[in-house]
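Let me begin by handing over the structure; questions about it come next.
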Amino acid sequence: MQDIQQNETRATLLVTCKDRPGLVAALAQALYTQGANILDAAQHTDSESAKFFQRIQFDDPELAGPDRDGAMRRLEATVRGVANLHEMDWQLHYEATPARVAIFVSKTDHCLYDLLLRHRSGELRCEIPLIVSNHETLRGVADHFGVPFHVFPVTAETKAEVEKEEIKLLESEQIDLVVMARYMQILSGDFCDHFAARVINIHHSFLPAFAGGRPYHQAFSRGVKLVGATAHYATRDLDEGPIIEQDAISVTHCDTPKDLVRRGRDVERRVLSRAVRAHLERRIVVYDNKTVVF
Amino acid sequence: MQDIQQNETRATLLVTCKDRPGLVAALAQALYTQGANILDAAQHTDSESAKFFQRIQFDDPELAGPDRDGAMRRLEATVRGVANLHEMDWQLHYEATPARVAIFVSKTDHCLYDLLLRHRSGELRCEIPLIVSNHETLRGVADHFGVPFHVFPVTAETKAEVEKEEIKLLESEQIDLVVMARYMQILSGDFCDHFAARVINIHHSFLPAFAGGRPYHQAFSRGVKLVGATAHYATRDLDEGPIIEQDAISVTHCDTPKDLVRRGRDVERRVLSRAVRAHLERRIVVYDNKTVVF
Amino acid sequence: MQDIQQNETRATLLVTCKDRPGLVAALAQALYTQGANILDAAQHTDSESAKFFQRIQFDDPELAGPDRDGAMRRLEATVRGVANLHEMDWQLHYEATPARVAIFVSKTDHCLYDLLLRHRSGELRCEIPLIVSNHETLRGVADHFGVPFHVFPVTAETKAEVEKEEIKLLESEQIDLVVMARYMQILSGDFCDHFAARVINIHHSFLPAFAGGRPYHQAFSRGVKLVGATAHYATRDLDEGPIIEQDAISVTHCDTPKDLVRRGRDVERRVLSRAVRAHLERRIVVYDNKTVVF
Amino acid sequence: MQDIQQNETRATLLVTCKDRPGLVAALAQALYTQGANILDAAQHTDSESAKFFQRIQFDDPELAGPDRDGAMRRLEATVRGVANLHEMDWQLHYEATPARVAIFVSKTDHCLYDLLLRHRSGELRCEIPLIVSNHETLRGVADHFGVPFHVFPVTAETKAEVEKEEIKLLESEQIDLVVMARYMQILSGDFCDHFAARVINIHHSFLPAFAGGRPYHQAFSRGVKLVGATAHYATRDLDEGPIIEQDAISVTHCDTPKDLVRRGRDVERRVLSRAVRAHLERRIVVYDNKTVVF
């Protein structure tokens, strides 16, 4: 079923630092000396903040050799050498070690199905060892795809306690990424800090923006002609985290509030899965509360 | 150059009233009895407010006959009869009497060119007897298209006085529609009331929304992935009038604030010209601060 | 789960005839006299062929009364009266009698999931009493949604015989619509004729078009920047039937043939479900090998 | 008016060669040694053909120094050194030497206005020293923008001779790029060869494709729901050259052939100006009759 093959020799390096001459050469030279072959390199310079960003995907044949651990140590030492010299922040991801993703849901299934189907068809390079919910509703979906389903009922009183248990579960399962696939609970600031830049949320978006409840009804009352969705990393400031993906579709006066909800579902699932895919392909760098998405 | 032929016999009826049975039949029957042939009829019922809306485009052969004034009187009497019975608001527009449009501009030319080019190619069924500006900058464009150009410099002190002169000019020229094609002055509430549902404005739109100045810079700082535009009727509440058209396009981290402005221009001109076209084709009904766009 | 309520009093009338004055009035008047209330009426005149098309959605309170059969007979007699007078082709669909849909699949599941999920969430107003396949592959999906799954293995030799059995099954189940959700067998001309304008197919579309096998590889070789899909009614001329829906998305040189297939899947399922929805809402009229989609 | 500043120190290098390890490092190192600072680097490897492509935009401070000619010679020698070693094809473009563009038109003005307006607003980094036409029709537009207008009437008999004169003019004006902005003459194979990968053409595109005349009428007869446009480099095989940009928009049964033409104009001008902009920013590499557009 998998149409993306995992490649033992492949790795992706993400780098951020102050812009200065010679960065591209320094990284390329270091990887070349290491015996690695660059497959894809993209870079970005934010001229306003004078910051430099680079994503390098490469093959290091030694990673598939008999001493993988030694090869990883040597590779990391090489990168660390350049990084220390140029004061770089860096992450190194090995394709043979796919991210482990937990999906959080409540009662709505459209985003969950979309993620699980794309995972099964090989579009999302990750493991999905568990689904977390505050309701039993979607257990059947989890069963159908063979993913363990954990229910944590939440009340205002138990919320802090429950989150601690959830974090314990996520850590014991070595979860790298939490995807809030229409999980209708607000995560605490502590939770978001704990998994900084590792929780992706999706919410509807309108022009103009609507505060308060029943946003689709507000949008209908205002006669909007566009319905959108925004995927972002969750932060303490609710819905104000770094934006990863956005999209919108046209609606008309014929669309009832129910139609807007339906149209909104289509945008939401599309935007969420694109954001998750970009994260898993290690295309995203977060800085200054915004993102570079290579 | 004109690829839309004006048709002496053609008219468009726009109707709004409380929903009740028999409205479609009553109007269709009345027009049929009058000898008119319905070319296109669209209707909409807003079930939340129980309001009925209809747009009927028809040919009345008598309108091209020797007694046009008499035919118009008879037609209007017929419509008035049905309308009174069912407490309808109605407008009747004759294609042989195209709307007279004034374009307001400041220094930016992209929307102005777009409107004048579309007008010249026959896409906008109207006359454009004048352009108003608070600057001399775009006189050359007006000259190129042979449209009289009126400059009204505006200061905080003279604003009220200048608007009075502008209204006088617009009335003496029997202007039906004012298009604010990036006119960088806020029209007073009095002006908007005077031309209620007859002033179309365009402004940029972002998710999330940004208050204050330099919105494209704010959008850049926030790392938005979508840049949009909204065309609406101008009302006392700045940028809160009934929405006519909206659209948005994708942007990336590579787009500088200047790029966002450039991309924004493309959306603005596209959205504005669609809104103006819908108005001129008599496709828009305003109610409850929103629109039906047939 | 259903967010579309079936309404016993609601019906939709589709009409085609030669254009002439008074058609709208005649139909509206007849329905009004019958006691029906028009909820939505849309019409179209093709000026090239001088053909008139109308879709009228209405409530007839008597349909929910004690003598539903009698009410239906009276309604049909009323419509037939007008239709005979004006030589109209017409169809009358009752919302309380939802269409019965059979989905044909092979091994690919993206379109099947999309249809079944939209059906379950109430977006597709129909019954889905069966899925037909030439392979066992997708039985698990059918089971998950509780839909009977019928496998008819097909070879070149057995094809004609198998189609007869399929038609027998479809007729015994009173199937109104066949949706080919990536069914990788070409239906015979006889099958298409039997279910004329009742088989919807989806296929990929490219600019330029590519004949022969492996179209996504051909598209890659040609360096296309757009990948599309077309939903159409199946006819004897393969892939040449009346077009219902089309859409396309941008691709780049980075997209491998595999990526094109993946991106293509997204367009295919979106276009197919929109086409099926339009059919089920009785929005489509076929004429001269093309469609009006109200 | 210009919002893109020309930068004397800036240059863009485009490279194509057989893929092999160390290419990125070799180029980055060479530029670094030369004193250049890489601003943006993008690369692509076509794994099917094992070809490597890179675009590097960089600043070389010496280019703004007292000995610009010497700096250019040194830079080119540096690049040539790496290129010879790795058998690279390469192009080096200096931002201070903008491309010189000739626009070819016939009688239709929408693409011409779009290009000239974008040029004037600084979106297209080039000089436009001349417009060529086979008709007088658009001289007024050329005059309005202050661009010399050359008319070459063409008949079947004079075509070969006229093309020779056109080539002479283009060469005497040192033209780098010819943009066919709805020029309704087929350029000869000799002309296309002479300006290989330097003539950009725009044509409408449909799903399915339509051969023969009046394509918009054919599209209408076929009931298409999508109207597109393709920008490509002109080659001997008419409309079969490497695709640069494509886009499409939705249309409905309401759109008459005239409406399709109008909608088509909007797509054409948008696609053409994007393609020209990509070429001028030196983002395009042509290979195997397709393009990489960085």
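Chains here go by letter, A, B, C and D, matching the order in which they are written, and residues are numbered from 1 within each.
Note that a residue touches a chain if its C-beta (ideal position, glycine included) is under 8 Å from a C-beta of that chain, and two chains touch if they have at least 3 such contacts.
Small disclaimer: the values here were computed from a predicted structure and weren't measured.
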Chain copies touching (chain A, chain B) - same or different residues, decided at half shared: same
Relative to chain A, chain with the most remote C-alpha centre: B
Where chain A and chain C are represented by their mean Cα positions, the distance between them in whole Å: 37
Geometric centre distance via CA averages, chain B-chain A, whole Å: 43
Overlap residues in chain D, where contacts from two or more other chains coincide: 44
Residue ranges of chain D in contact with chain A within the complex: 21-25, 28-29, 31-32, 35-45
In the complex, chain C residues that touch chain D: 44, 46-48, 205-209, 220-226, 228, 230, 242-248, 250, 252-254, 256, 288-293
Sites on chain C touched by chain A in the complex: 3, 109-110, 113, 117, 121, 123, 140, 144, 258, 262, 265-266, 270
